[in-house]
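Here chain A shows up in two complexes: once beside chain B, once beside chain C.
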Partner chain A sequence: MRLAWLILRKDLTVEVRSGEIAYTTLFFAVACVLIFAFALVREGKPPEDGAAGILWIAVMLAGNLALGRAFERERQAETLRALLLAPAPRPAVYLGKLLGIVVLLAAAEVLLVPLVALLFQARLLAHPIWLTAILAAGTTGFAAVGTLFAAMLVRARSRDVLLPVLLYPITVPVIIAGVRGTAALLQPELEVDIVRFWLALLIAFDAVFVTLSLWTFEAVMTD
Partner chain B sequence: MTAGGRWVFDRVTVEDVSRHFGRRRAVSRVTFQASQGQILGLLGPNGAGKSTLLSLLATLLRPTSGAIRYGTLDLRHAEGALRAHIGVLGHDLFLYPELTARENLAFFAALYGLRDANAAARAALDRAGLGDRADDIVSSFSRGMRQRVALERALIHQPRLVLLDEPFTGLDDASTVALVKRLRGLREEGAIVVLATHDLDLAEGLLDAAVFLRDGRMVHSATQPAALRSTYRTVMTKGQA
Partner chain C sequence: MPKWFFRAAIVCGVMFVASPFVIASADYESTMGLVQKIFYYHMPSAWMFLTSGIVCGVASVRFLMTGDPRHDRLAWAAAEMAVVFGVVTLVTGPLWARKSWGTFWIWDARTTSSLVQWMVAWAYLILRRYGGPGSEKLAAGLALFGTANTAFIYVSVNYWRTIHPPTSVVPKLPFTMGFPLWFCVASFALLFVLLLRMRVRLEEQRATLDSLYLSMDDAR
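Moving on, here comes the complex of A and B:
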């Protein structure tokens, strides 16, 4: 955990200084929501249940952008090799990068949630604890798979194309559970069992893919 | 080799090591040994397998066949613990351009578990002669200055095995002299230094042993090598029609 924490702190310091990933991710996510708002909101009436889908589409697309750039930075100066040379289990490197992506996406969500709520007149903030849980679990699952794939593809020439091609099919369960769980929160009467079901699915996905990624990262990065 | 059951890292032994990438043989059946207090040079043209060998020694790659021993320890055992004793200066410098020199060195010192990472970074910057530029971001440095920071990054945890890939590339005369002096200092401190270089003039007089590589194969080796340039020319052209 010490190494993961160090990598997270370093990534955040670099990001605060350059703003490269944060600005592009946030700009892209906000642009995405605005385009959907212009396209779908007619005479001030948003589509029913559209907010949940649009929130998650924006998070996923922005996440894809952040994932690619996070490892591109490590590739440019070959610093990924320096991290892999550290005398610690290599999965700690994965964990550090994963935490960095989750923090960045959480920052994007802090901006996106009120924006989507406002533009699509959605009651997104009616159940903040449930929403935070759904977003945290969904973001972690998406980032868990994405971080592993981004690391695997770091030396591939067509990594920018391959990342979404590999990432989206595998994270379909996260997208479905995230959208359905969030949509359940938007109903006038909160059905806790439904929200709990989708949240449990997301947590199960997280457990499986974080474990798998930690298990395979060493082999993936060594050869 | 072992003292009271304790691991003593006094040499690195490469035994019949091959490394293939698909059908391409980057390194083929290479054998050599480097001991403490010795600077061993890996010499050869581009594509000879020098960088692959350094990656194998650094534990970044695993051999397809053969074995690498660090003292009595095999690569397959305690890889993480082993890496605490290896320092690598790559052709790329492994530095974050957005961070200051101090932040870079403190990060790597902490990564290697040094108790006072900031003090270690300060000392390393003084050794590099960059104490007054400690808080400047690395991207504002010249190539020579970055190389000095990178060398101190590689040595910040006082490794037993120091691996350097083309360390003289892009350095001016003053930086080159400083680097040669630092490498000689490492030899006196008892480190095992393995460096890959094209610069035969600099290697001459610096190396205690040399391994000549061509197309991934070891074509010659020498201890206390002299007349490197003519030896290089001879062994590299031998057998080539």
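Moving on, here comes the complex of A and C:
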């Protein structure tokens, strides 16, 4: 656990110093939302029920970009090999990397939620606790699968294209549950049962895929 | 190739030639009429599609655990079968749905999870083709995740609403409809086994050839 914390701190320090991934990801996410706004908002009227979907699409696209860059940097500097050679258990390395991505995406969401709420006139901030829970659970699930795939792809050819090709089909439940759960929050009357169901599904997804990733990371990163 | 393979291949060919006649002899379903006969190809291929997915997932897990390349070759072959039978399923399904539900595609639990499973199979093959060296383990990881994922997709879409008929109708079919169905299931199962065996053999021979080349290089 301490090792995972150290890796997270290392990633965050690098990020604070250079800001490369953070700035590009945030800017990309904002640009995505603006494109949706230009494409879908007609005569000042946003599409009904569109906000939840747009928020999640922006998060997933930005997440893909961040994942790719996070490991590309490690590869170019040959530091991933150093990390794996270090006397650290593999699961700790994975957890550290995962936390780094989650923190980055959380930062992106802090920016995206008000922006989507503003541009699409959605009541996203009406139930902040539920929204935070759903965003956190969904982001963790997406990042859990993404971190594993991005790490595995580091040595593969054409990894930039392969990451989304592998990642999006697997994270379909995240987008379904995330969008449905968020859309339920936007209804005039909050239906707690529906939100709770989608949140439970996301948490189950997180539990299964984080466990599987911890096990697979060990198996695939050894050679 | 073992001797049984050719005999089985002939039997399989005969069964597929005979299948249209067997299906034609089946009773018409009362509400859907002729269109319902798509079912005799749709369901067997969907079952083989599911079987390929399971074979691929199990073989991948065993490959990750043991590192034995035989499991990897089986997983690869099964992923290709999943794409092939997936095409049959996903083409016949909408044709039938157009008549019975009035629309080609509905986002219900089965159709959605089939589609995503089919996409995962494609992703698996794309990875094997373009991933370069070392992509076997990666692909095995993907297959494992894809298998675990199916349950989640199923539950999540099921929560909306499902109109796909459940499999429980099968044992209740009258003989005149049940016999053609099981005949087709047997034909597809045989085809599946034959194709899988052929595909695994191709990979085995490739591996042998590679090791021969390597030993030739060593001998020099």
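We adopt the following convention: the second predicted complex is superposed on the first by the 223 of 223 C-alpha atoms of A that agree within 3 Å, B and C clash if a C-alpha of one lies under 4 Å from a C-alpha of the other, contacts with A are read in each partner's own complex, and residues count from 1 in each chain.
As a working rule, contacts are C-beta pairs under 8 Å (C-beta built on N, C-alpha and C of every residue); 3 or more make two chains touch, one makes a residue touch a chain.
The shown structure was predicted, so the numbers you read here are calculated from the model rather than taken from an experiment.
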Contacts of A:L85 with chain B and chain C, given as first, second, both or neither: first
Chain C versus chain B, contacts on chain A by residue: C
First (chain B), second (chain C), both or neither touched by A:L212: second
Which superposed partner A:P47 touches (first chain B, second chain C, both, neither): neither
Partner chain in contact with A:P169 - chain B first, chain C second, else both or neither: second
Touched partner set for A:M152, first chain B, second chain C, both or neither: second
Chain A residues contacted in one complex by chain B, in the other by chain C: 223
Contacting residues of chain A [partner chain C, same complex]: 145, 148-149, 152-153, 155-158, 161-162, 165-166, 169-170, 172-173, 176-177, 180, 197, 201, 204-205, 208-209, 212, 216, 219-220, 223
Partner chain A, residues of chain C touching it in the complex: 64-65, 112, 116, 119-120, 123, 126-127, 130-132, 134-135, 137-138, 140-142, 144-146, 148-149, 152-153, 155-157, 159
Partner chain B, residues of chain A touching it in the complex: 2-3, 6, 10, 13-14, 17-18, 77-79, 81-89, 222-223
Chain B - residues contacting chain A, complex: 58-62, 80-84, 86, 88, 90, 92-99, 103, 107-108, 110-113, 137, 153
